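Structures for review follow.
Shared between the two complexes below is subunit A, which pairs with subunit B and subunit C, respectively.
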Partner chain A sequence: MTAAMTETAKIRLADFSFRYGKTEVLRHISADFPENRLTAIIGPSGSGKSTLLSVCNRLWTEMPEAKVHGKAAIRLAGEWHDLCDRQAPSQQLRRKVGMVFQTPNPLPMSIFRNVAFPLKLAGVGDREQIRSRVESSLRRTLLWEEIKERLDVDARRLSGGQQQRLCIARSLVLEPEVLLLDEPTSALDRTAAAGIEELLMRLKSDCTLVLVSHYLEQVERLADQIFEMSGGILCSLETG
Partner chain B sequence: MAILSRTLERLFFLAAAGSALLTAALFLLLVHLALPLFEQGGLLALLRSPWDPGAGLYGIYPMVVGSLSIAFLALLIGFPLSLGGAFFITTFAPLPLRRPLLNLVRLLTGIPTVVYSFAALFLLVPFMREHLTGGAGLNILSAALMLALLIAPTMIIFFVDAIRRVPSSYTQAAAALGGSPAQRLVYIALPLAWPGILNGLLLALGRAMGDTMISLMIAGNAVAAPESVTDGARTLTAHIALVIAADVSSLEFQSIFACGILLYLFTAILVLTLRLLGRLPERHTG
Partner chain C sequence: MNRRGELILIAFSWCCTLLLTAAVGTLLLFLLRRGLSAFDMALFFGDTAPLDALLLRRPVFDGLFPALFGTVVLVFLAVACAIPVGLAAGIYLAEYAAPAPKRLLNLLFDVLAGIPSIVIGLAGFALAIVLHRTFSGRIGPCLLLSALSLAFLVLPYLIRSTQNTLEAVDPVTRRTALALGASKLQNILYVLLPNRMADLTGGIILAVGRCAEDTAVIMLTGVVASAGIPDSLLRQYEALPFYIYYISSQYSGPDELERGFAAALVLLFLCTALFLLAFLAQRRLKERLFYR
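Entry: the complex of A and B
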């Protein structure tokens, strides 16, 4: 590990292991995910990729049977936060570490309310501010022009690709420093997937992206750094 | 095999038709038995007039008021209590405590109401008498408090179930967006669980209306229409239990069929409401 890498690391894992009940899901992982880069993790399903993502926003603490060992930390606004601490409050951290799931998961409410929802959770009350932040977030995900006339429509009525971009917009509205993406295109058709890929390339400039993917091709197009996960062990791959 | 399955099919049809017919027959029987009373001026007149057998008045107005006020007061007390209990079990209690707590609540539903009544008679009623209401301590408030305790477990079980059935993808999304457990409950789980919560509420109301033992032992059984919650009252169910010892051919005895009809209609309306609610389109939180 070089000194330069150390300086720009956004997420750092050192001899990190993860158990779920009696199953060892992640084994002695050591890796740095650099800032403002797209780090990709590929590997077969069930190899622990999604679990690794759930460590990065402390979502693992919602699982009662999960246990962690070793070190995992994330640097937000210049400060390191321990990801292994089950007791630490996670709301603030998750506002700065967005997550996009494999299956688009818009909430059962209107398009506008979906994107405004994280602001509501964060206690933002100013209506004008909410409006403008929702709009700019939807513009960032290239969704605004398509749906600006139907902001009151139930978000679940959008197409799959639109739903996924809505979920990304929802994560972006809090201006996160890190965005975790769990196979965000696997439930989408080719065109919709290409749209998401293009979007990720644009986001990279001011957001650290961690992408879990099935497809090596996709990852080679997008990633600055590639890891392969296999049986809970993470190995670095050469980037092309 | 075809014959067997056809025979079974007919058998099941007969069973279903039989129970449906029984339900209808029960209603007709009640109406038939109450007919002599209706000749006095119909069900509405009975509902309006007081109970005074000495003066030839067999109205059940006081019992209707007694039943409704005890049941709704019990619901008023029990609902927030149960909602809080369900919140605690699903969201706020430490993880290892949640399952034992729910099991405890399940156990509570199985306790015979007479046991609740005894507990009330020895603990709640003396307290009422000495510190709150005075009098005998047998009144609407005592009965409603006890009834609230009786129906709370039913409500808690329904509420917990409704909250837990909210798709985890929604609560997980809210968690990943930085929602605290309380926010997830209020903004996501509660709006989606609302139909189930209403369901539990209506069932609890049915149970409160139908309960006999608590009102019989705790409510005081006064035949005058109650004017405040510290008055004693007689419920429709308690009235049936009390009058059933009277002479079978008397009008007094026949009044219990009017009570039966009312309770029957009330239950039918509750069940129909539940059915209608079940058909409502999926609600969304926005």
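Entry: the complex of A and C
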């Protein structure tokens, strides 16, 4: 990476292209996503927004038919990591780059174990530490007061909005530097969506957020920077 | 499809289900009617005291106990050998194998699944002869050899059911743990397998049933009509399916035939108990993995 790279960029794409089999999903994308800001990407379904997110935590390497060209890098703890390297170990990287999916995806286990799951994966064994980190993560997503009495209930019994906040809490428990959100409110009703939006505004102060969304209206309320994706091409929109 | 065609199809489906249920019911009733009257302690233990027989203090000469014992040990041994290999091979095929070796192995395991059990019995028998020669008569057809042959027989089912089960996991669940920083192995062990425990148990139950009922394999690899309780895995043994086969082909009177029917009932109950055990173990294991 060159020294000319601005220090505020968290994720940088330069002439980046992505192919899946024979389909070109992303074409020659160049963009910077700044640190501790909410960057939003809007655009129609199938335009490649989710694919772009899966580049940012190297989840694309799980797809055997995917191929990338150009440059894509992320800066974690002050150090740049190449996102195009299929062979590089991705576990550490994904612990610092959380991801929230469109449909809430709690695992079929208790609420507590869902949030503690990434800690288990990372090999944290100290029960006291696990307990306090789960609690603070649930507090951060404003879920603690609602569910502190029933932490050992199956997480799939929560409401949709609660499930999505649980999934955000689960991503936050490892204290990621970046959080990727793939249409996190599209499966929720209006009130639950408003709850998630409020949460995102609070998270922005110490976490870089990349939000994919269908709704320009939502994005205008939240984002510091907006891109529009269309047919695999990314272009910047002015923010008001 | 028009409304009438749909109705006909529904009626046909109902009839088929009914026919099958009726067939199973008739079979059960027939067995119960013919075999139930022979059900008593003497059926299992002959004239040996039940407690002495259960504690293996005195041998049973004229009862089903040794055959029951033999079948239970056989099933547990065979399944215990087959499960680790079957699961591991299934996981390899579903998660790790590159396309080319995967195609080849799929074909090979299909061939393996198609081998008639008598042929696997013959292979076991051939192995027994080799062992007999190598160890100057100390190892021949025996319980261990039967169990290994049976394990080989059910291996393709286990591999295929594990593979299909893992490949059926939806992409969202598959990526959940990966996005949270799980390694491939962690994803398999903590998410994919536990999520699919019920399907995996289905495969194992099929394997258990197959091990319990197969006669061709054990006939050639170590079962005999009268051996008592074997004192080691390298001895010959008795088993329920072989007892049933033996009685049905050379019973000497109505009493003995009745005992044959009773033995069939015992085998049926044993299988039910084993299925139940597998099911409960699955539930228990899932709870321990997920909710503690």
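Brief remarks on what is shown
Simple rule for what comes next: the second predicted complex is superposed on the first by the 235 of 240 C-alpha atoms of A that agree within 3 Å, B and C clash if a C-alpha of one lies under 4 Å from a C-alpha of the other, contacts with A are read in each partner's own complex, and residues count from 1 in each chain.
Here is the rule we use: a residue touches a chain if its C-beta (ideal position, glycine included) is under 8 Å from a C-beta of that chain, and two chains touch if they have at least 3 such contacts.
These figures come from a predicted structure and were not determined experimentally.
Per the definitions stated earlier, placing subunit B and subunit C onto a shared subunit A by superposition produces a clash between them. Applying the stated contact rule after C-alpha superposition, one finds that A:171 touches each of subunit B and subunit C. When the two structures are aligned on the shared chain, A:187 is found in touch with neither subunit B nor subunit C.
Judged by the touch definition given at the top, the superposed model places A:142 against neither subunit B nor subunit C.
Counting contacts as defined above, subunit A residues 57, 59, 62, 91-92, 94-95, 98-99, 101, 103, 105, 107-110, 113, 117-118, 120-122, 154, 170-171, 174 meet subunit B in one complex and subunit C in the other.
Here subunit B touches subunit A in the complex through residues 95, 169-170, 172-180, 183, 187-188, 192, 282, 284-286, going by the rule given at the top.
Of all the residues in subunit C, the ones that touch subunit A in their complex are 172-173, 175-183, 186, 190-191, 194-195, 290-291. Across the interface of their complex, subunit C is touched by residues 57, 59, 62, 91-92, 94-95, 98-99, 101, 103, 105, 107-110, 113, 117-118, 120-122, 152, 154, 170-171, 174 of subunit A.
Interface residues of subunit A, counted against subunit B in their complex, comprise 57, 59, 62, 64, 90-95, 98-99, 101, 103, 105, 107-110, 113, 117-118, 120-122, 154, 167, 170-171, 174.
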